[in-house]
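Shared between the two complexes below is chain A, which pairs with chain B and chain C, respectively.
Up next, the complex of A and B:
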């Protein structure tokens, strides 16, 4: 039921997640933020069990914070991905966390954004674009077709909305509301909170 | 009177001193000297060998590329250390340093930052001055390495568990004369800097090597400088990659020949 989408553009990373929190057939909450900040320039987008997601992301965030305080230097996105994967890989055969993640981050030192796909089995892969959850079924082909390296922000946002439109249209479970966030050299910013209704003429409404 | 406070590390003297720690530092003062200089494009460590005997089996060096260094050790591909003091004590800490570096890479996928490694070793050393009833490590280390955040670095870690970063440092025998030589070379007068403060010179690796050879020539007991008595190691960037090298005896001889003029200045 969770849908997470992310891709890397020209000096930014764009990530979006649906804002539904549900339990079997019931929608518990419609404004659930799944894109949690790890530090000023990284986002962990979580999907899967809500409790595991909270617990695991807390673990990562607090450990990254501890590293920063102890060593007065920030971890790179690559290192956070490596560390997160290590935690997932050791847990899978003991007490698995049912979380699938997208880690997006901007590294000031390299002046580049990067995106990592991590899943509950302990996989980790650096990707240019990708998705978690049911969205991955639809969004993969759209991004295969339209994603280019070094997309401008406006083009990137258009592409993201294209993806989200498709998710809303094709998923039988209603995921109307999405939250789009961007990471660039200035940090994390909420780009838009959109509500999509493909039946309406004016498909996408911006919600403030 | 101080005899009563000598025997246990975990006891302060009435004057507030830890005698065992001080005695450990004394052990290093009599050890073979080691000099380190931080240059703009690298770090150089040089050490004086203590065990020099024709009976030593050096054949392993010619058969393989393994370094048979007495006082210089590679901790990781970006970090080298020089040892002064009790070598067997040093071996334990070197093993721990190597493990710590690999554990860091295992967890974070990056090379361990130098200061973090030095801090870890020093925390262990400090433990042996406070609890356990064991004697402190009788070793000082010069750690030289490179990391992305702070570039080339040189640290001195002493038996008390203190450490500091240095531009140039000397430990072991004759370290006082070596240090004063280094200080006079590095100092820029107030007139030269233009501001009203004393500055320090910035040397490149070539100039630093020359200075190290000069300092060793002046402070070593023996008359001639050869690869029999000296060991050198570098941390530098080659083609954009960080390279740590402990020089083979042949390369040491070449280096000393290159700087022959500095040696014969006396």
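Up next, the complex of A and C:
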């Protein structure tokens, strides 16, 4: 039900998620932000059970915060990914969290963005582009075709909108509204909150 | 596969969730030390967890014993680790390939998910395409192959088997271990 898309560009990471929160056939909330900030330069995009997502993401965010307080240094994206993976892997055989995640982050040390695919079993993979949920089935091939190394921000945003347009058009579960966030050296920024309606002539409206 | 004082281990690099491919560059073959290579197939989360667990155990072994572990001992360690979870197993199939002893005798070991070991002299296979691999390895295997020939045979076996298996492919990596070191080559396979 949840759609998350992310990819790495030239000195930034672009991530988008739909803003629906639902349970079974009912849409509970239409402006639900699934891209939670872990710290100033990392986003954890969550999908799956809403409760598990909240609890698990809180766990990660608080522990990353604790590390920073104890050690007076920020963790790199790779470290956060490994920590998150370890928490998911130990939980799966005890008290599983039904959350699939995309972790995106920008590391000032390497001056590069990175994206990690994490699923509820504790699988983890560093990827250049990817998606979670049903969106992955549609968006995977678009990103395979059009993603390039070191995309400019404008080209990246265009590519992201192309992906979201496809999700809105072809996914039978209505997801019209998406939130796009970017992480670069300055931190996390909300790029756009888009509303896509493929039947209208001007498909994409920006909502502020 | 074993050759004359050399072993080769090859695997594909697809990471997928059932029928959906997520990544094309996942590495499942790990170097334990200069004499031992260790590959795993199966559930990605267990592969990563066990990789970290064995890395930790081997670091501790090196510090305590002040020497490198031999492939045979490592294989037994793997089997013990897997059997310790007999009633809640790790869903992986490991393969250990190494060169044992002063005269670099090839050593191969494969276990099942709960640590039942076998030590064939010729080749070991694992994964979703293991039946195809078994067949093609049986056909092409010869005794006492030199490293170059071993590399060719292992590559062709892997390529042939992943072509038949829907869940394998999307790139592959071949490591050849001789007493001079490890040579690693990446091959292009079918991307479907």
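To be clear about the criterion, the second predicted complex is superposed on the first by the 208 of 208 C-alpha atoms of A that agree within 3 Å, B and C clash if a C-alpha of one lies under 4 Å from a C-alpha of the other, contacts with A are read in each partner's own complex, and residues count from 1 in each chain.
Keep in mind that, in the parts below, contacts are C-beta pairs under 8 Å (C-beta built on N, C-alpha and C of every residue); 3 or more make two chains touch, one makes a residue touch a chain.
Computed from a predicted model, the values in this text were never measured in an experiment.
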Chain C versus chain B on the shared chain A, clash or fit after superposition: fit
Partner chain(s) touched by A:117 [first = chain B, second = chain C, both, neither]: second
Partner chain(s) touched by A:93 [first = chain B, second = chain C, both, neither]: second
First, second, both or neither for A:75, with chain B first and chain C second: first
Chain B versus chain C as contact partner of A:83, first or second or both or neither: first
Vertex chain A; arms to chain B and chain C (CA centroids, nearest 10 degrees): 60
Which of chain B and chain C A:59 touches, first, second, both or neither: neither
Partner touching more residues of chain A, whether chain B or chain C: C
Which superposed partner A:195 touches (first chain B, second chain C, both, neither): neither
Which superposed partner A:109 touches (first chain B, second chain C, both, neither): first
Partner chain in contact with A:127 - chain B first, chain C second, else both or neither: second
CA minimum distance (chain B, chain C), superposed complexes, angstrom: 5
Overlap of chain C and chain B interfaces on chain A (superposed complexes): none
Contact footprint of chain A on chain B as seen in their complex: 106-110, 113, 115-116, 148-149
Contact set on chain A toward chain C in their complex: 85, 88-89, 92-93, 117, 119, 121-127, 130, 136-137, 140
Parts of chain C lying in touch with chain A, wherever the complex brings them together: 15, 17, 20-23, 26, 43-45, 48-49, 88
List of chain A residues in touch with chain B within their complex: 71, 73, 75-76, 78-79, 81-83, 86, 109
